[in-house]
Amino acid sequence: MVEKADFNEIEYKANVLIEALPYIQELNGKIVVIKYGGSAMVDDLLKENVMKDVALLKSVGIKPVIVHGGGNEISRWSKYRGLESEFYKGLRVTDTETMEIAEMVLGSVNKGLVSYMESVGVKAVGLSGKDGFTIKVNRKLVDGKDIGFVGDIESVNTDLISILLDNDYVPVICPIGLDENYQMYNINADEAAAGIAVALGAEKLGFLTDTEGFYLDFEDKSSLISRISVEEAEKLVEEGRIEGGMLPKIQNCISAVNGGVKRVHILDGRKSHSLLLEIFTNQGIGTLIYKSEEIL
Amino acid sequence: MVEKADFNEIEYKANVLIEALPYIQELNGKIVVIKYGGSAMVDDLLKENVMKDVALLKSVGIKPVIVHGGGNEISRWSKYRGLESEFYKGLRVTDTETMEIAEMVLGSVNKGLVSYMESVGVKAVGLSGKDGFTIKVNRKLVDGKDIGFVGDIESVNTDLISILLDNDYVPVICPIGLDENYQMYNINADEAAAGIAVALGAEKLGFLTDTEGFYLDFEDKSSLISRISVEEAEKLVEEGRIEGGMLPKIQNCISAVNGGVKRVHILDGRKSHSLLLEIFTNQGIGTLIYKSEEIL
Amino acid sequence: MVEKADFNEIEYKANVLIEALPYIQELNGKIVVIKYGGSAMVDDLLKENVMKDVALLKSVGIKPVIVHGGGNEISRWSKYRGLESEFYKGLRVTDTETMEIAEMVLGSVNKGLVSYMESVGVKAVGLSGKDGFTIKVNRKLVDGKDIGFVGDIESVNTDLISILLDNDYVPVICPIGLDENYQMYNINADEAAAGIAVALGAEKLGFLTDTEGFYLDFEDKSSLISRISVEEAEKLVEEGRIEGGMLPKIQNCISAVNGGVKRVHILDGRKSHSLLLEIFTNQGIGTLIYKSEEIL
Amino acid sequence: MVEKADFNEIEYKANVLIEALPYIQELNGKIVVIKYGGSAMVDDLLKENVMKDVALLKSVGIKPVIVHGGGNEISRWSKYRGLESEFYKGLRVTDTETMEIAEMVLGSVNKGLVSYMESVGVKAVGLSGKDGFTIKVNRKLVDGKDIGFVGDIESVNTDLISILLDNDYVPVICPIGLDENYQMYNINADEAAAGIAVALGAEKLGFLTDTEGFYLDFEDKSSLISRISVEEAEKLVEEGRIEGGMLPKIQNCISAVNGGVKRVHILDGRKSHSLLLEIFTNQGIGTLIYKSEEIL
Amino acid sequence: MVEKADFNEIEYKANVLIEALPYIQELNGKIVVIKYGGSAMVDDLLKENVMKDVALLKSVGIKPVIVHGGGNEISRWSKYRGLESEFYKGLRVTDTETMEIAEMVLGSVNKGLVSYMESVGVKAVGLSGKDGFTIKVNRKLVDGKDIGFVGDIESVNTDLISILLDNDYVPVICPIGLDENYQMYNINADEAAAGIAVALGAEKLGFLTDTEGFYLDFEDKSSLISRISVEEAEKLVEEGRIEGGMLPKIQNCISAVNGGVKRVHILDGRKSHSLLLEIFTNQGIGTLIYKSEEIL
Amino acid sequence: MVEKADFNEIEYKANVLIEALPYIQELNGKIVVIKYGGSAMVDDLLKENVMKDVALLKSVGIKPVIVHGGGNEISRWSKYRGLESEFYKGLRVTDTETMEIAEMVLGSVNKGLVSYMESVGVKAVGLSGKDGFTIKVNRKLVDGKDIGFVGDIESVNTDLISILLDNDYVPVICPIGLDENYQMYNINADEAAAGIAVALGAEKLGFLTDTEGFYLDFEDKSSLISRISVEEAEKLVEEGRIEGGMLPKIQNCISAVNGGVKRVHILDGRKSHSLLLEIFTNQGIGTLIYKSEEIL
């Protein structure tokens, strides 16, 4: 902890709390969707800090919803089972056995997050898109190729999530959906987070990533963009100026903003409390994508 | 289907429906907990029939709650993982890795049941005892021996289950709980079903088993008991007249009845619709354990 | 009862109940109006069976509303009173004294049905259109001729009926209304049933009659129509192909369907449980009149 | 109308309204049961005035409940039917046919009152004790003699009445009840009024009678008692000082007060608006029976 | 009190109460705003009578809202403070110190009325337009001249008033508002009453004044107008036929009627119970301004 | 502001917010009563900071209630009015005119605080104990001497305050009450705060004072007590060890704790944000008086 005179520390503490006041007032009763993944999901200290951040959001009257992926665990368990992990254009080719493993792994991560949240004093419930038939999907085709049980979101039924939010639970959701024949599919977690945020009319959507934000040129650290309107982002996409890894994420950001989410943030999940700082302080963290007319 | 004249068939159908009337009236709005396990969980036709039975219960205003185990799947996945399954007095010795596998397997069974229920038109939500900190446990000691992460139920918080029931969802619950340090434990599914039924003030608790009911002498099929008061059952236990396999089940029945559940049934899950027939017809199916003053 | 092996009987019972499942799910919380009259109102066994059918509807979450007539009782009491029963085009010419008798007789039938329903475990309330000013009428003119206190429905105020339905009572309604000066009028019971069904937005309206259904040619039993769209029925009426007795009933069916009732049934009240069978089984009973776009 | 200068009349009007203020405040939301019978039920002007009085009670937030008898109509209709009216100790000997007539006549009076109330702007619903199984009775024995279908109240289920009151309807109730086998019985209307008032926890019960109140000596008009405690009334009964006609009424008053009704009034139904004046003015009208500790 | 025979007095009382019935029924649950000022606020007997009138309104289910001014008290306290009262076109020029005094005086009158209301059994709450930011104002300019902290109503937020009305409190409101910078302003009480009545969708607005009503020619007492449509009133204003003192009051009446208030009354606050008589009797008191299509 | 590296500042901010988490969780939905007086009410910066502190409490789900006094303003206005301020044992001798001035001054302070709260985004309502007859008092006698309209709290009716809290308003209350004859009285503000806190079952009561806390020996600054149980405080009072100025405050603290308020704080209102720091940080500020069994 920094060294300083007692009185100043006290004064400083008060200022930090007071700085948070307008943000708390503005977000009271609003829904904030957090896509949780990457380093923040693996490193224990980061994990603990994310959980505390969510707890703080909840304690001041914000309604957080967490959407998470399964990280490397799916590959690990596939190997135990003797299966090869195969990818096509960055998406896991998913046969019946892989889907089964994906569900087990995502379920385990899901309930693990739930007990973590309970341990910091927050009531949580772990869901997949099967529960209450919350996420309905269609089979995704990638350039016309069938890659198995990978789904595109057709619709999100928010009934169950809303009941849980109204009763003070934090929904923790893993990205599995059902098609109209009740066959399950894996969904990209970013896409699920964006779809859920839109369906809920969320105020904010934050992606916890392993990057500081969105760089115009990934090699050039000085090209980090701190805020960009959705129109500008669409233009960059059209011009082909966004490279591979970042492209789908930006596209999810764009679809979330166009679907009505006021602000979407790409946050650095490798830094402790980036979520908290973004929400409650004047510090600009990561990259903000916004609808131009919403921000004056 | 039986052969008979049309008119008689129509009349017969009407009689079956009318026979169900008093049972429907009596159970309206009441909670029925179903422990789902054994053959009924493995055979696809039986599984479909159990799901339809639950759907019918739900459709006539009863509130079903399902508690299930993981069957042989835990052993199967332990083997993939290269672990030996070890048992002590019928209970799985559960180390950290086995607990992890148990959670994954139970979660997979859990969400599988959820999608099955959705497919027959019933809204369902899959929970473990972690969700909403629903099940709190202590570490079980067996004859003073520590067998790892196997828990005894300390308390059941029914808030989350009740919210789901009030909103027309069928809770499907797998038997995992947390201790006061948020460490997870496996729980015997029969014990979990009994504990949940008591906490909810359930009207009925039905165990779907691989036996026709409770035999005084398992070798003698004619010794099947169709109804027995809890006092008589306690006497049989004290006298040591109940043999190994059946003993813990009978003890769970006794604790459920003593905890306030009006009627507990041991049903033959190997026969289609045994649940339905027990509840909606005059046919006595399996064994009923009851509080003597409740049944006149 | 049919003779068959025990096991088959049990299996059969389960099948009947499972057959009812989709119908129960579809009608849950929906309003079904039943016009009760004819033999079903006179024969004691039939009466008991209708009451049980209504009880079953109620017990599975359907909201039944009963509308009834007075049968031959009005003529009987008119005779005691020394009055001649006079009819014009099938309608009773109704002077003040006849109206008084009609109200007494309908009231007696009404409360008789109420106590019958209570005896099968259903809470019921007997109303006339006076209660809560539920039915407002105008004086009917038949071909310009005034036939006394016979009313046409002007409007139905559903407030009172809805309150009773919401509080789990079955409304039993006799067809008497008030005009704007609070003068009472007799109403044709079929017309009242149709008007009430429309005002309530009922899902179904069933007429219990003394015929098997609607015959194109009443002499030719093979001309029984099991289903007909409202457009076809209107065409038959226009073409003058529907004979006297059946004409007003078909017209009430047409006006109910055009008013928004999804399905209207002409049922044979002389056969036990025809109501039940129509609603809960695959058996087609009687004649169904429907809006063509509603049924696929 | 009295002759006086305009200004005084205006002032006087204001005073009358202001005089009513404390009574309105005191009775707001309270239940007042009115036994309606005698001349007030026969004379058209009196009838209209009673209806308006009830309407005024209702309009200022009081919850009126009306209980009525059938007057001479039962005898009249028995005669049409060719039956002899037979009495034993003032009670009508009631066979099946008489009971049927009683129900018809009471039903007709009942719905007549309902439409009268509607005509003065008050929503009303006519009930018998059958509706919602509101009144449960036992067969009355008079000095050990069976006089047929005459019932003693065993219990009053106030559910239905309360729902109607909560929804702003005035319940109008005729004194018919059911026994445990759903057989109907006639009940003395005063007894029914007292029983209903007690079950509802009514604040007041008013009997509209054909007498000015309660006379110690009926021959001596100066012996009119304006207020008497229930203890004093019980003493008079015990001492045999209350004569025939008045005795059962006083006994009903006593049982109402002992059952918790704060004030019971015997009012002169032959005088217009006696109900109104008793409730809203300082004028003492008729006789008040009260629990001594309640009135200070 | 007028002299007359007892019986007639009783009959007369009943008639007065019955005369009030349709008015009570019509106004049940409706909001009536009363601008309280002038003599009625100074004379103790008049004050008591106004409070009782409001209590009677409240007791019969009407929802009264009181808006009041500060009368001569502001001048009196300005003098204590050593300030000159300055007026421009009838409006008090209001500097900071005068505003402070106005708030103190209005607050004192406000809470005085509250305790008066409590003393006649009515729950009341005293508000200014600051509470719940109920009244938002702009600075008024009079013919382009700035007269200080005198405000024009920009908007009325009815949330707080509605919560109080729903919980059975009478809001007593003094005419102070805030601008967008939270600076307070004095508002003309008539203007405040009209603005509040419009915002609440009040049924009636009554101005208690020191005149019998609206005279076409103030010198000619026979020119008192008992009712006038808003269209006619607007025409008189346009034609310049309304003189100084009465003009702003008539303009407030016109804006209230045009804003949706059904009836606006100018009442003589110098006569006891003029409010009561206007509302509950056939006596036309003062002047009624109405929307022509509303009154048939 | 302290100088430090950016990264550290960010980390530090996060830590301050996270430090607040358990306090926010613990106090969510709880009532905190704040006695506002002294320097904090006079100095503009302090005032602004107190308002922001209250806003922050409110924004995180705490329910603040403010009770305030009138400071020196009463004396100032008494002087304008030409009255002498007279005190007896520290209490203002209050005649009718002084009471009138007290009400005006307190009302002005009250509504001033209300508009201040509105300006920081918090909905507030200013009340005196007259509103809703919230505070009932008896005339206080000091050593048997009548000092005029100074009241002791007899009871606090929390209905109105609770309605406002439930609807998200901050009640701002000035210490005036009514006796049973609706005569108003001045109440000591500390006593009013304690009485209101007890009646509301508040979790905390904070007194903003012009001292750092409670000193055992006021001359010896090192004798500041940071926490003391109510039993110890009572002992000090009994032993006569608490000197004049502090004695009544400590007595109000004791009566609040004994009345059920969990924690009472004496805070230094001269330091900015002392309220905030006490509630949301680990810093112990001022003096805490507590019930010994409540704090472990």
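Which chain is which? They are A, B, C, D, E and F, in the order written, and residues in each are numbered from 1.
Rule of thumb we're sticking to: a contact is a pair of C-beta atoms (placed from the backbone, for glycine too) under 8 Å apart; a residue touches a chain by one contact, two chains touch by 3 or more.
The chain lineup, named per UniProt: A, B, C, D, E, F = Acetylglutamate kinase.
Computed from a predicted structure; not experimentally measured.
Considering the contact criterion stated above, no chain is in touch with chain B (Acetylglutamate kinase) and with chain C (Acetylglutamate kinase) alike.
Averaged C-alpha coordinates put the centre of chain A (Acetylglutamate kinase) at 70 Å from the centre of chain D (Acetylglutamate kinase). Chain geometry summary: the mean Cα position of chain B (Acetylglutamate kinase) and that of chain F (Acetylglutamate kinase) are 57 Å apart. Look at where the CA atoms of chain C (Acetylglutamate kinase) average out and do the same for chain D (Acetylglutamate kinase): the two points lie 37 Å apart.
Annotation for chain D (Acetylglutamate kinase): no residues touch 2 or more other chains.
Chain contacts in this assembly form a single closed ring in which each chain touches exactly two others. The sequence of chains round the contact ring, opened at chain C (Acetylglutamate kinase) and continued through chain D (Acetylglutamate kinase), runs C, D, E, F, A, B. Across the complex, chain D (Acetylglutamate kinase) is touched by residues 1-2, 4, 8, 10-22, 24-25, 28, 52, 55-56, 59-61, 120-121, 272-273, 276-277, 280-281, 283 of chain E (Acetylglutamate kinase). Residues 80-82, 100, 103-105, 107-108, 110-111, 114-116, 118-119, 123-128, 130-133, 159-160, 163-164, 167, 169, 176, 178, 182, 184 of chain F (Acetylglutamate kinase) touch chain E (Acetylglutamate kinase) in their complex.
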